[in-house]
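Consider the two complexes below, in which subunit A is the common component and subunit B and subunit C are the respective partners.
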Partner chain A sequence: MAPSLLHPPSQLSPGDALQLSQQAPSVLQNSASTTSSSPFNALLSNPETADQWVQHENLLLSCLRTGDEVAANRCLEKLLARFSEDNERVMALRGLVKEAEAQNNGELEKVLHEYDQILSNNNTNIPITKRRIALLRSMGRLSDAVSSLVQLLDFLPTDAEAWSELADLYLLQGMYQQAIYATEEVLVLAPNAWNVHARLGEILYMAATAPGAAGGSYQKYMTEAVKRFSRSIELCDDYLRGYYGLKLVTNKLLKNTGKASGKSDEGEFTLPDTKTTERLNQLATSKLSEIIRRSTARETGWRGYDELEVEAARKLLSEEASAASGIER
Partner chain B sequence: MAQVPVQTIHRDPQLFYWILFPITLVMILTGVLRHYATVLMATAPKKLDQKTIREQRSLLHGIGVRSNAHVLSTSSFNARRDALTTAYESGAYLKDPERRGQAPPNPMSDPSSMDGMMGMMKNQMAMIIPNTLIMSWINAFFSGYVIMKLPFPLTIKFKSMLQAGVATKDMDPRWMSSISWYFLCFFGLQSVFNFLLGNDNAASQMAQQMNQMGPQQAQMFGPGVDPDKQFLGEAENLAVLEHYSVLDNVEERLLSNAKL
Partner chain C sequence: MTWISKSITALGGLLLAHACYSAQEHTALQSFRATTATLTSSTPTTASLPIDIVIETVFATFVVLLGLVLNTRPLRPIRWNVWAGKLEREGPEGFLDNEGEVNKDYVGNPYKILEMRPGFVDIRKQRKEFADWVKRGGKVDG
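For the complex of A and B:
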């Protein structure tokens, strides 16, 4: 899929980002005349399109990613001219550019100080609050970032982006319970997001296999992980990540069937019996191999898979195949 | 029985150029002008402070948990339910905890809701004034004669409104003066405005709103709503919710669907 300037560039590979940032001169030139306020120029130049400023924002992000600071600054100037500098979103982008250009920690501290000043004037400036938290995280001050984020979520509990960032921060510190709670909050806000179900399944699997996990919680986490991955597949039946996770979890369950004993509490999920687990494993394996086969053959309708993900799936299947053949010998 | 004689009146063919066309043009132009005037006069949405945002969003969060509770496992849901119910009942999210028992502020006297009402009044004014001016202009310049004949019959009562300048006893009510053309245009130019100004324009919305003056729904966070009662109501809703999880039996569902 060719990268486009209409989508935010956070998911792009480095090659795609470079390609986008090289479009900078043409995009900037096209919109050169719209910032003039004389009516004569306004009549002659192209009228604003709906996507134009979204493209500018994404171009700015791509340019920063590839290090093209000159073009990024020019994008920023255009945005400032069109939307005044009191606009919260533009303020956040400006801060982002300053952070990217900062050479050392002292300059980053200065930017942080500026954010604090802006927030003391107006503490409902959400983009700046989020920018500040991101800066704290990139400076390595994770506990400060977490506490600021918790404060933000106290008065804005319906922001799914903030909850997922919190889950990520907790995961970085190994606090699995809290990460699970935060990801569940994301799910409450977006109940049909299959990628979030898969993410929660992954976190549960990590929590179950973490060293030091107690015996009872292992079973609880693994059970719920199976269910989360199944739900994500139910919502999107071509989801590679869901099948991958399901295969990992069912492999582990089948290997350790001895541990899956003991009653579960009232109202908790029960571990599926061995037969169901085996069938799930088979389903995952067959679907994964189908995805690998068809996506490498580049059949129509199967080309959307990310190369790295398909590669990882292939490795998983081949490891299992070699392990099985090793046992048979 | 004698046939009622069909009344024919010979009309000047230049009527079209001198009357219908100017009135239509003036109405379209004032509609466009009204649209741009409304856009320019529109006030920015009110900035809320942190406490107000907190109050509103916490309620939305509770509603979200209730509607999407099926995503959670029973234990997670119970934990959240207990936390939220305790917070709601103790008024932890209220903006003004001291005013708990009192009635909500009267929308007339509450300064925070004034801005919203002023905005509505301004829109009404922008609607009323041009229409009044056009009507008086038409009555001044285009009265005293009839210009068109409707293809369907009407009752006599319409004569007083639509044949305003021509006081005759026997003339068929189907004959209309220019003021009636004004009324026809008023209701009929909506599609022209949609074409010229896009769907969401202020010129046609007024007429739509006038048609839709049905029962007005109570707003969730508008003036005159008591947040404490909302919180308590939400706490009760959460308490009576029977929880089921979408994750129960998800494996069987998945396996049976996959076979198909």
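For the complex of A and C:
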């Protein structure tokens, strides 16, 4: 499907992003060059559509990504003309363009200083706060970014995006427990988000298999991981990421059944018994193979899967098959 | 399949138009007869429509209804896991409206924004990755 300008472009592949930014000339031409406030001009020129400015913003992001700075600046000018400079979102976009065009650390420091100035005037400017945190992260100052983000969350604890970013920052630094806590906060705010359940399962699996994880916490993390992946599958039928995670975790559990300490008095953190684990593993395997088969056959109703994900699932299954046949020989 | 349902709707529309025309002609004829028969009478006689016009109107309404209902796409799922599964499995193809175009309200997975986090986009990293992709010889397909 051709990429659309209505959705934020961060998740697009580079090829799609290039296609979008090549649409820049036509989009920019269609909208009026100056938005005049006289009623006569308003009658003659194209009326504003609801999506028009969302398209401009996404086009700006795409052009910055592909390096087309001229078009990006023109988008920014149009946005500034329509929404005044004092609009918080436009201020954040302007800062974003400056960040993208900065050539060296000195210019980045200047942009940071500008953000600080804006925030000293009005420290409830959320878009600028977020941009400042993103810039700190981009410059590599992770601990500063984390402390600013924690400050933002003290002030605005219902922002799921910010909690999610905090979890990502903690994960970059290897602080698994804090990352798990932050992702659980995201789930408090969005309890039906199947992809966040899968993400938490992945973080728990990483924490369990990290070198240096103690025996008791390994059990706890693995149990939680099984639960999280199962929940993500409950929330979304045929969820490839959920089944892939479930297969990884149950494979590990089945391999290590001998090594687990076998304490059965841990309450909710007891591992599921071997029979349940095997059944979960079989379910995951059969579902994964069904998804792979139907997705590669491009059957109607199975074409929405991402190809890279399907490829990864295929590799997982074939590795297991070759390992099994290697043992039998 | 849509051409059958469209032709059924058209047929129903024709029948309805025919019934309305007949009713109009009938009442015109009746009032003409009434005025020629009783020139001095001032009370209009209310006559009822002949039964076949009534039957034709009701039948035509049902035929139009049948055509319109046959023309619509299957209903969307209301259970959360079925809807989410459809989203993941079929992508935008599963959310076409009657004309065959992607529904305007379609936003894909609404929670994807929590993983993409557009408020925190690291533009310098994205630019670097794009430049690396170009250097590796990436091209736009199609």
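Here is the rule we go by: the second predicted complex is superposed on the first by the 321 of 329 C-alpha atoms of A that agree within 3 Å, B and C clash if a C-alpha of one lies under 4 Å from a C-alpha of the other, contacts with A are read in each partner's own complex, and residues count from 1 in each chain.
The rule is short, and it goes like this: a contact is a pair of C-beta atoms (placed from the backbone, for glycine too) under 8 Å apart; a residue touches a chain by one contact, two chains touch by 3 or more.
All of these numbers come straight from a predicted model, not from anything done at the bench.
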Since both structures carry subunit A, what do subunit B and subunit C do when superposed there: clash or fit?
fit
Between subunit B and subunit C, which makes contact with more of the residues in subunit A?
C
Which holds for A:124: it touches subunit B only (first), subunit C only (second), both, or neither?
first
After superposition on the shared chain, which partner residues are touched by A:188: those of subunit B (first), subunit C (second), both, or neither?
first
With the two structures laid over each other on chain A, which partner does A:280 touch: subunit B (first), subunit C (second), both, or neither?
first
Could you say whether A:302 touches subunit B, subunit C, both of them, or neither, answering first, second, both or neither?
second
With the C-alpha centre of subunit A at the apex, what angle separates the C-alpha centres of subunit B and subunit C, reported to the nearest 10°?
50
Quick check on the superposed pair: does A:55 touch subunit B, subunit C, both, or neither? Answer first, second, both or neither.
neither
Thinking of the overlay built on chain A, is A:234 touched by subunit B (first), by subunit C (second), by both, or by neither?
both
Using the touch definition from the top, say if A:161 reaches subunit B (first), subunit C (second), both or neither.
second
Can A:66 be said to touch subunit B (first), subunit C (second), both, or neither?
second
Enter the shortest inter-chain Cα distance between subunit B and subunit C once the structures share a common frame, rounded to whole Å.
12
Does any part of subunit A touch subunit B in one structure and subunit C in the other, and if so which residues?
234, 237
Report the residues of subunit A in contact with subunit B in the complex, numbered from low to high.
123-124, 154-158, 181, 184, 187-189, 191, 224, 226-228, 230-231, 233-234, 237, 267-269, 272, 276, 279-280, 283
Under the stated contact criterion, what part of subunit C meets subunit A in this complex?
80-82, 84-94, 107-109, 111-127, 129-131, 133-134, 138-141
Looking at the complex, which residues from subunit A come into contact with subunit C?
1, 7-8, 10-11, 14-15, 17-19, 22, 61, 64-67, 92, 96, 99-100, 102, 127, 130-131, 133-134, 137-138, 160-162, 164-165, 168, 186, 190, 192-196, 199, 234-240, 301-305
For the complex, give me every residue of subunit B touching subunit A.
47-51, 53-54, 57-58, 60-61, 64-65, 68-76, 78, 246-248, 250-255, 257-258
